[in-house]
């Protein structure tokens, strides 16, 4: 393979730039030319493609966001979109592609591979909800941002004996909530993967203040419900504390990536190039038990494929990502109010 | 004066702990004993009062919030509340009080002084809206938190060519918005002190994208309107960009104070003790043109008093705080889109 | 087990407080009382032992250092020291101990266990050089501090076209150097585990500037030699660039722990209590391939013991910690100067 | 004036980029073209000069260092160097220059003005030792970096009951030391502007530990002596504590500028353009008592000039910068060990 391209797709995540840098530097180190594609699959179709040099990714390892811009482009699910993209790849002499993004973008990578353009997916999202990897690029940074915010909220919360509901991102996954609850020492955490009763939360709040705590912080995964709705239900269930809602919002998507994110992004970016170099596409790179792995994006469950096609052509997720419930139990033990 | 007390009142602000520490250490250094009062004036009335030692404020200079807790206590505006508080002061042998908080809390300090208990006010609030001082304790830290958040939002904003409305605190003052707009390089800023037209904002957004900018960030002071309302009006005025709202919320009240806040808090805390030591009360400490000053809380305008009583007994604010409009013009020049 | 104690030993590391907090909270949650021992084994022998409550570890999860203080105490290698310590444990009714520290402190844990007081070791050190675990408590934070420092040094380095040797900690291990080199995008890294030639470093520097780079940053593990010595040898080997040395020093040992360190410290602390609860001692907790494991401190290599006794009673380290040389190669590829 | 240029000279400082951005944006907003000069006066002489657009300074407000690079160039003190520089200015049609740097670079600005090319100086250095301004661009950031480092050192210092000498920058000025001592709550501070006795420092250390303190941190300005020398003298004077030296070094020169530095840099940059627009050169901008001022670089003391020529042609500094000794006394009061 003489020339490859790299793009970012879907929501942006800290560490995407570090991954792009690693793709570029590793490729050139292997004697392969690299092109950047702006705006994800949309830019591929539009021909927004340009050469990258080793120098063009200098000082990028620590930058948040993605300098190649990102976008969602549902049209790439259609054959027409794919062929338009491939025409551009051909025009620029590109033989393989690295796609950094969520699992939506993996399907595009699969299609490109089927059309004869090997493509490799890298898991780039703060939500940590991608199949085939223990951690996604951006997750550690997002949790770090959340913990920093909760540390600040705790200052003001303690000063006024307030209860705070801190709504965090994560789509349908509770990972950001769980990790940040443990790391920030939150009093309670509510995630989509685990049922809970509002009465119990209300009891915890009451008991905490009775035992002399000067604040009560609840980390709420957005996948459960909105902070506002949660607050209303908590009040309806009898909470009479001075209750506030903090929706952390988009600050969670930005910021300079943590060491951990920079390192896994660099490792994954380099691995993607090795795979393309060896002519391998249609796979996604992940990290499992600290080891880099690649999994077929589409195939049979017994071959470890991330997705399979069902009898009616529907997509089946094999081994969907699961939040680490050990952390849920750990947080409960850390905040067992019977022990004060 | 042999024994004084210190309390924090109103909304908490980063640097309040540094101010308390300075009061304690300076007092002891002057041979004066110091007591802490928890929960502001409410705690004074309730007798939640206890001795502080030099060691009890160790490692507090860099902590956010206030370890004496804060509270609003409107009952202290009534004579009954004041007398109840004074009874507690007498009981504990306290002869003077340092009150750290917003200008609401200054009135309590005035009342105490009138009753024979000299009290000195220190300006503690992130909003920078207190009369008699160029800067309040907590303002620099709050702006720093806002700028850090905007830096993160810009990462994701640039990655997706998005327009962001960032709603920041400040009550009726635009200071936090102005300073953070300059420091974060925001494209637009809207403050209560300055009228603006939604059509102009819409035009700026359009022009910016036409000229090749990859994001547009508007800092909105909460005193103007809510971010949500602003977004609706912007849409109504014709904005067709990918628009998002970020309400920074309570993270702005917390966090380890900046150097600037630690230093002015320390200086003001020490000054308050010097004033009480010299038997002076009924004044508030401020910093004006880099110099510590004290102003009578209540009196005549020509005597430089912060507040006067009108003919009908209403409170008149002399020389109310004004945001620095030079910064408004500077930001406009920094973002003159005709120049791209 | 009705009552256990916890101590920190050896060099302090960020996350030790999070581990102590987890020990305390988990123990109480299991109905076990917890005592703290100040100053490590020295404090045990001196009887500096006191009860801890759930509240006494509030707000500690994010604090650097160790609030139980740490110390080195070689006397505990002698039977006399051990017996003196045990006498104190008996006196306070303590039946088991959690020891957080380097592998030196594991031996003390082994001795206590042999004397009938089950003790569990947790790996607390920034150096990441402890046998039986992929990561130590404090390592992620230390690397994060180093990367933050290099980011700053790069600013000034680029402004002046300077070459910087950044000496980092790690004792005989290159882990801190390797991770921070990757994460900071350093141009070169020198570690004890890998030989290098000064001529090659000199060539890299020259080539970099020739190719238009505006700085050259070399991360040097202290296990190789001091930064000062390195600089002299580099000059002797022909370097003629504007060369500076930055010795990061003790800032690497402090600071609020990262999310990753807070989470593994919390998990390990809780696990230590589960082991003691089940009567298990003489083991050290580690994390291997993302899973918590416990290994016998002393025993046979085939039983997975960390240490064995040789024929002459000498201590043999089974499977000593090795730095991840994949990162070394990755850094080389990221900085292949032939590719500019 | 139709076209101006901007350069940075001497040691780099955080906020220089914000100042450059303000010069560029303000100039274009005034209808004036702007060129950048790389590498200070050396680049002027070498003709390393190129046009800047509003877009070329995007996202620079928060970057450390200077993207125009900096250098010392003593040759510019000679007429020959000056004429060579002026030839380049003429060649590029440049009519005025903004020079950001230390007071050394002000003299070059004076010379250019005398040759008919109005030049304005801006105070850019972390040391805060420039005549004519209360604060320099970069000072607030440097102190912030120092305080952050001391916060980390205190963690490890407290854990081990250690005494730390923290050597900080500042050349002959004690400002960085004084501000960081107050803000970090250091136990002692030694600056060139104030004599001290080693015996007193030793006594403070002893007394502190006797009174139960668990660390002793001394901030030492480099203008006094090196940390290593200080340590030896402290030992010679009888200190028997566990003493360590931390030399913070070049991290103090880098990092993203604080809000305060970004704002004063932006204000000063815009002011410099206004002055050139009005045909004014040979002055330096400063901030005095929170107000922007400009002072003649060379002239009579009664005209407020920064420098005058003496009878023998020697340069006299009028009103040299003085550190704020109020802070020295404040720190002493904050750490009066008799009060524990």
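All chains are identified by letter, namely A, B, C and D, in their written order; residue positions are counted from 1 within each chain.
Basically, contacts are C-beta pairs under 8 Å (C-beta built on N, C-alpha and C of every residue); 3 or more make two chains touch, one makes a residue touch a chain.
Since the structure is predicted, the reported quantities are computational estimates derived from the model, not experimental observations.
Asker: Note the shortest touch-path length, in steps, from chain B to chain C.
Answerer: Graph distance in the chain contact network comes out at 2.
Asker: Considering only chains that satisfy the touch condition with chain A, which of them also satisfy it with chain C?
Answerer: none
Asker: I'd like the Å distance between the centres of chain C and chain D, where a centre is the mean of that chain's Cα atoms.
Answerer: Taking the mean C-alpha position of each chain, the two centres sit 37 Å apart.
Asker: Whole-Å distance, chain B centre to chain D centre, using C-alpha means?
Answerer: 29
Asker: Find the geometric centre of each of chain A and chain D from their Cα atoms only, then give the gap between the two centres in Å, rounded to an integer.
Answerer: So the centroids are 42 Å from each other.
Asker: Give me the residue numbers in chain C that touch at least two other chains, ranges are fine.
Answerer: Where chain C meets two or more other chains at a single residue, that happens at 151, 154.
Asker: So how do the chains connect up here, line, ring, star, complete, or something else (other)?
Answerer: Shape = ring; chains linked end to end, path closes on itself.
Asker: Taking all chains into account, which pairs touch?
Answerer: A-B, A-C, B-D, C-D
Asker: What residues on chain D touch chain C, complex-wise?
Answerer: It is residues 8, 12, 14, 16, 63-66, 69-71, 145, 149, 151-161, 164, 214, 244, 246-251, 253-255 of chain D that touch chain C.
Asker: Inside the complex, what are the residues of chain B that reach chain D?
Answerer: The contact residues of chain B facing chain D are 21-22, 25-26, 28-29, 53-55, 58-59, 61-62, 134, 140, 143-144, 147, 151, 154, 179-180, 182-185, 211-213, 258-260, 262-263, 266-267, 270, 289-291, 326-327, 330, 333-336, 339-340.
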